[in-house]
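The structure that follows is given in the form of structure tokens.
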Amino acid sequence: MPLLGDYLIVSGFLFAIGLAGVLLRRNLLIIFMGLELMLNAANLSLVAFARHGVTAFGAPDYNAQVLVFFIITVAAAEVAVGLAIIVALYRLRQTTHVEDLNRMKF
Amino acid sequence: MDPQLYPWIILFTPLAAAGVILFVFSRRPTAAGSIAVVAAVLACFLSWRVFLDPSLTVTAQIPWIEIPGVFSVPIGIILDNLSRVMLVVVTSIATLVFIYSAGYMRGDEGIPRYYAALCLFLFSMLGIVLADNFVMMFIFWELVGVSSYILIGHYFRKNSAADAGKQAFLVNRVGDFGFMLGILMLWLATGSVVFSAVEANLSSVTLHPGYLTAACLLVFCGTIGKSAQMPLHVWLPNSMEGPTPVSSLLHAATMVAAGVYMLARIFPVLLAAPEVVREVILWIGAVTCFAAGLMATQQDDIKRILAYSTISQLGYMVVGIGVASTADAAMFHLFTHAFFKCLLFLCAGSVIIALHHEQDIWKMGGLLRRMPVTALCMLAGGLALAGTPFFSGSFSKDNIIEWAWMNNRAGFWVTASAVFLTAIYTFRLLFVVFLGRPRGEHAEHAKESPLVMTLPLVILAVPAVIAGYPWFRRFFFEEMPHAGAPAAAHTIILAFLGAGAVLAALLYLRGPAKDPVRIPLFANRLYIDNFYDWLVARVQGGLAVLSSWFDRWIIDGVFATGAARTVWAAGYVLRLLQVGNLQAYAFFFGAGVVAVLYFLVFR
Amino acid sequence: MNPLYLEVSVVVLGIVMLMAEAFSGAGSRRGIAGLGILGLLAVLAATFFVNPAAMDAAAPYARFYSADLLAIFLKQLSLLATIIFLVMALEYAPTVEANLPSERRGAGLGEFYTIPVFTCAGLMWMASAKDFVMIFVSLELVTISFYILVSYLRRNRDSLEAGTKYLVLGALSTGFLVYGITWIFGVTGHTNLPEIARALPTLDHAVAPALLFGFGLVLIALGFKIAAAPFQFWVPDVYQGAPTPVTAFLSTASKAAGFIVLLRVFQTFVIVPELQAKILPLVAVLAGATMVFGNLAAIPQSNLKRLLAYSSIGHAGYLLLGVASIGAPFAGIAILFYLGAYLLMTMLAFLVMIVVAKATGGDDISDFAGLGRRAPHLAFGMLLAMLSLAGLPLTAGFLGKLFIFECAFRQEHYLLVALGVVTVAAGFYYYLKVVRAMYWQQPADPGAPEIEVGGLAKITIATLCALIIWLGVYPAPLLALLR
Amino acid sequence: MLIIQFWVLSVLMLGSAVCVVVFRNAVNSAMSLVLSFLALSGLYVTLDAFFIGIIQVLVYAGAVMVLFLFIIMLLDLKVEARRTLNLAAVFGGLAVLAGFVFLIGQIVLSFPASGESFPALARTGYSDVSEVGVALFGNFNLPFQVIGVLLLVSTIGVVILSRRSLR
Amino acid sequence: MTPSPLLSLILIPLVTALFCMAGAAPRRISIFGAGANLLLSLYLLASYNQAIGGFQFVSENPLFAAYGISFSLGVDGLSLVLLLLCTLVTFAAVWVTPKIEKQEGMFYACLLFISVGAVGAFASIDLFFFYAFHELALIPTFLLIGIWGSGERQRIAWKVTIYLAFGSFILLLGLIGLWLAAPDNLRSLDIRMLQQLGYAGLLSPGPAVYLLLLFGFGILIALFPFHTWAPEAYASAPAPAAMLHAGVLKKFGLYGLLRLAVPIFPAEIQQFAHLLLVLLLGNILYVGFVTIAQKRLNLMLGYSSVMHMGYAFLGLAALNQLGLGGMALMMFAHGLTIAALFALCGEIARRTGTLEFSELGGMAGITPKLGLLFGFAAMASVGLPGFSSFAGEILIFFGAFARGATGCFNWFQTATALALWGVVISAVYMLRAYRRVFWGGRGTAVKDEIADISAGSRWAIILLLAALLVTGFRPGLLLEYLNPVFAYLPQ
């Protein structure tokens, strides 16, 4: 039987891997995938916590699951808008590389 | 009119005249002169009225600064023998000089300014004479300084005159610094600035002899400045840059005597103070009197010779304060000196005008025949100055020297030997200017001055001769205690006088074309002026430049601007963090997250 | 009136505007903006008549939604900001049109006027949110709509670059927010702030690190929204690149909402002394860093938009100082007042900037040279905005700073106050740069034609000026409102 | 049994997540992401969250990933053009990551409940779809409507941003 | 809202300034407005009831009760004297303003705004407005120096503004501290209330607040070592602006110290008297030497103004009726003097195009009236009797010296003695300046054809000098207003 801590650790690693994608990759799409990984890591923890904190009726905390549902929805919307922006950027500048975004600085 | 008002009228008439001249007649020389003369005559007339009415006292006061229960400075008038005598001396001489000026200044472009300043001077001098408290005296003390400044700088286009005026003011200020400090000390100790109250409350200070000594000596600084005592004497010879009547009135007869007058005024305080105070006063006076005599023997400018003689004679007066048991000794010399020195200066002015502003005695000569009135008057003045018996100077000066014999033998020898110097420079002056043959073009064609100038000379010559005789003196001074010096002292003085006269005759009677004696040390006034020049240019100037540099580069540059620059630079550096690279931002973000969380959770 | 209707009306207004857009032909779309302004004005008026008691405390929404003074005030601010945004947008419309690939006149403009109305609804929900779920969804509504607005100028490289940067960093902060909420939920078992507040004192001491971890992550995400250092890096670039009205909107309303949420979360947690002892120093440090970074880095700027971005960071620092001094009796009021004042003066600055930039073609400080002679009234408006931002007395900005410093003083944050003084002095430096340009310098082109100002913009500028001075001299009504 | 499931799925999920970050080709990354999400939905199931698991598959592995792939194809992204690796950035990023992992590790280890296993559920065979649905449309009605507005705005935004030419 | 004549005192220049900005014959309107204000202040001075004393013409308009902010106006003897100073100098400054080439209306408006700030600050009895009005004057100063200044005007305007803003914010902190120091139920921004609390010992803000106030005000007054902004500012500002700032606005700091520090912090003033004495000697002696080294008239005047502030601080340190009364008197006298000097300096600069001593000289022969007036003003500046500067200085010296004892010199007496030396220093630089500009040989920049001072400017300066002379001959005229203000102090 896996423990709560196991899930949390795994979720933490997933979060870190997502962060690594953001920090280390320079392709906007991959960065975006990293961001999705981070959100999912949070979801995993949330579900684990929900399962751990069973309610008085002995059921998982569905409130937390609703939150997970919201997060997924928001993530989807974010992906849609984000990809739209990336497409627009690509159309204008033919790049999805973050280092090309350097017009504004200092 | 209420006689009580007379002193007030005497005091304020000249001020009113000054104001009227300045604001109404600033372009009308004649009117300006007339107004000034009228004011002086009025003041003189009323002064004599006051003098002749010994019962008159003035009680009214004008509050000047009044902080109830804490501090008050009234403008009040003191009328005692001292001030009465001084009043008539000042106003009388002033009147003569005002009249004389009308002739001397003829054709000058700045006559209204000149007369306005003279009136202002008269006002200030009268204020000193009449002041019944220290602060009032200080006020007029300063005003005397400023009017002297304006008058010395009358020929302001001349750099030398401009510098001399400035110097006179500044040197006086240095003396006033001490004066004010002394006033503060006496005030703190006695709780009042009014002379009578200070004297009455002195007992509270005698517990602190050191304090009282310091206070008195600081007050004496005022005298050192104003009466041109060593070491602050340098301004007086330079002040000869002013018109000659100014030299005569301010720098011989009245203003410079103010210092002595002030000492006489506070004489009771000096008596109550420890012995050392008067000792110091004596020695300052004695050294001044001797050193100024030395310098006078080697001057070539007729006015400068007289200027150094003035310093020397002021030294005698200060010695008088230091040794005599009464202030009258000094005041008596002040009294006689006022007449003969004024006379001498006016004579010198007459000569100068006649010689078209030639002041070098080595370009004069043989003027006795060409300007007999002037010459005779000058002779009378000179004999009085040298202290020749039967002339006024001898009575007053010998009196002081005799007091020195009684109370301070060393002081006696110094002052007595100064008589020798006096004789040398006086007779040198007389011989070179009036005897022999003319040494210059102007001297040959010199003519006697007009009546408006010679008349005051003649009038002044009378008191210059007779002012010392007891029957005349008694009219002005109470019978003063006799010093009681033996005849020997008197003989010694006479011997010094005779020796000086003989020496001068040997050297100068033959009418040499130039000075047969050259002593650079004396001619260069013991190099004291050079020392001051060095002090001002190097020490003060150096300090000023140094502090200016410090202010600009350290305080402003490093601290003020530097701080601002640091902030600016910090901003410049901080904004470099905004590299514009998304990944860098993400990195900073992540680093921030780690730092914040670590700080929050694990600290 | 039930306060819930406020947001509903705004959303309905947005949908109506969308319909109007859908059914309108080629044209300037000014009518849609006008409709929006009128509608929002009506809602703004309605906010003064809402009655929180009309809410059904037992209804499900009561768990998410509070209608306290804080919320109402922020709703009013949001509405005001949106109205001013629409006024700005009208002035800015030519730029938008020029930067959209459109077939006919006015295409895309309607949406430019409409999306902010939905954003406004999001802001209003944020103001009332008292449950992490509600906070999350309303915050995301605002954020996502801002992604769109920032990158709205599709043909403008700066706008798209700004949009991308905002998108990535915003999403990153969302990730942290969600993870933080997760941990808070994991520790307390609740997402509802009042319930968390109830649960906190009962918790075991050992869970404190986890709790703080979660709180820290939420704080970071909110810090990102309000541009607190060290999470402010997106601000200058995004503010500079975004369409100017969006920048104004972003720097005022969005920041204000962020602060309200921060305050709510903060107040939930600091009631536990143990947590307070950990949290307050952190906020103080963040406040100091933010003040210093914002104000100092602004000094060398020459682009006004970017300068205002840095200044906005600096102001966030002062606001955070207020948050750090939350224990003082007036701290809440001080923060709200500051938010209001900041909104007014920033909006004024941006509005004038839009008008001037339309005429001079740029938003560098040098484009303002000689404005004092070219357009004295605009210059005066800008002068007032700058002085108020700098904190000169008799303007709203001064009182804001005064109140905040007073609270900080009471809470004995002496070092921060000292830092505040230094940074305020630095602030004078860069705000006066604009004044210098306007009054000292000559116009680059002396023969340039007069600057045209739209009627609505004129009214708005005048109103903002009046409000700034009014609040600076006679703040009593506003403060009474906040009490 | 459950523990084996957990570890297999976890390793799969983390491994493919690493692949997402490591692969140079965007398509490969996207495919790894799909795999990772599928494994994640499996983990949800081990936590008795069937509904979430299904949603995960439908929304993420289905919709979102399709969108990703679609965009990748649309933009015709090839292997990321090799650029000089910014070593400072890499090391900096790794340092931040190390710090973050350390933090999470510490937190999880210090969290008292980490060592607890999951309590048994009182009843089995319940329908979590209905439970979640009731919550969503009942208690969570307000946030749900907000989400609705959010989706509306996103839709408009996507249209504005990605249409080739606006009408 | 209760009406008060003081409100008109603020409104007249304000409205005049607005008219000027609108561009309606600015010079004439300004002279009219400033003149009206001068008359009004004289009227107030005359109708102030000495028998009652305290604050009169009070009007209170509470704006925000919780913070106690109220737009309250009221004056006592001290503020009346300063109001007179302000209106006098404003009138003179407006009058001597030469033809302005660019943006004339704006120029006059800025001048009047400075006046509004000063009047408002002196007439406010609410700390908030007291502070706010002063700050208000910062921006016109910035504009005046920046637009119409000379030399490195931009850099200097910048520096001055930042410096003063910095000082103001330090001051603000001090004021906040002061406000917080009162017990909760007695907290007030009303200066009268604060003074009462101070007398009653209910207000104990502690030394830190005092130091904040001292240095906050100190920066505004150019207390050593925070003085470097002042000379540059005055040298660069157009003459009327320098007159107003050096003459009036700078007095705000001293006024603030008299108003707040004296009643509330008597113990702290004594506690830090040594620090203050050292700093003020820096002002007098050190800055005095810096002044001597100056090679330009305007810079020299600027430094001299800084130097004179040292005397004012000496009066503060003395903390007795003599010293403080003298300080107030000196503020008045110094304001008039420095205003007259800057006005004359402006006249010289306009005629010769330079203020370098090396290029000037002998002007008294060509412009005798200018020379005479400058002589008067210079004498007033060196503290010659007859001018109220002397009365002020001498009271300060007496006051400070009274803090000592008979016997050995203590700190105060030593400081007084050293400060007295400043009288010599000021004579050194002032006479030097006068000699270099007006006396001696003709300087290279002094041409035959330059005109003497115009009748208008002459009368404006004569007005200032006459005020100095009148109050110098009868300091009682002012002291009867000032004495009651400090009468409560123990001797």
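A few remarks follow.
Each chain gets a letter, A, B, C, D and E, in the order it is written, and its residues are counted from 1.
To be clear about the criterion, contacts are C-beta pairs under 8 Å (C-beta built on N, C-alpha and C of every residue); 3 or more make two chains touch, one makes a residue touch a chain.
Quantities reported herein were computed from a predicted structural model and do not represent experimental measurements.
Minimum number of contact steps separating subunit A from subunit E: 2.
Under the contact definition, subunit C and subunit D share the contacting chains A, B. Ranked by the number of C-beta pairs in contact, the top chain pair here is A-D.
Legend note: the chain whose CA centroid lies nearest the centroid of all displayed protein CA atoms is E. Using CA-based centroids throughout, the chain positioned farthest away from subunit E is D. In this assembly, the chain whose C-alpha centre lies farthest from subunit C is B.
If you average the CA atoms of subunit B and of subunit D, the two centres end up 101 Å from each other.
Separating the centre of subunit A from that of subunit C, both taken as means of CA atoms, is a distance of 26 Å. Mean C-alpha position of subunit A lies 96 Å from that of subunit B. Centre to centre, using the average C-alpha position, subunit B and subunit E are separated by 36 Å. Taken residue by residue, subunit A touches two or more other chains at 8, 15, 18-19, 22-23, 26, 32, 43, 52, 63, 66, 70, 74, 77-78, 81, 85-86, 88, 98-99, 101, 103-105, whereas all remaining positions touch fewer.
Shared interface positions of subunit E, i.e. residues touching 2 or more other chains, are given as 162. Shared contact sites, meaning residues of subunit D that touch two or more other chains, fall at 89, 92-93, 96-97, 100, 103, 106-107, 111, 113, 139-140, 143, 147, 150, 154, 157, 161. Chain pairs that touch, as defined above: A-B, A-C, A-D, B-C, B-D, B-E, C-D, C-E. Contact residues of subunit D toward subunit B in the complex are 86, 89, 92-93, 96-97, 99-100, 103, 106-107. Across the complex, subunit E meets subunit B through its residues 159, 162-163, 225-229, 286-287, 289-294, 320-322, 325, 362, 364-365, 379, 384-386, 390-391, 394-395, 397-398, 401-402, 404-408, 416-417, 420-421, 423-424, 427-428, 431-432, 435, 438-441, 474-476, 479, 483, 487, 491.
The touching residues of subunit B, when paired with subunit D in their complex, are 583-584, 587, 590-591, 593-594, 597-598, 601-602. Contact residues on subunit B toward subunit A in their complex (touch as defined above): 575-576, 578-583, 586-587, 590. Interface residues of subunit E facing subunit C in the complex, by the touch rule stated above, are 62-67, 69, 71, 103, 106, 128, 131-133, 135-136, 138-139, 142-143, 146-147, 154, 158, 161-162, 165-166, 169-170, 172-173, 176-177, 179-180.
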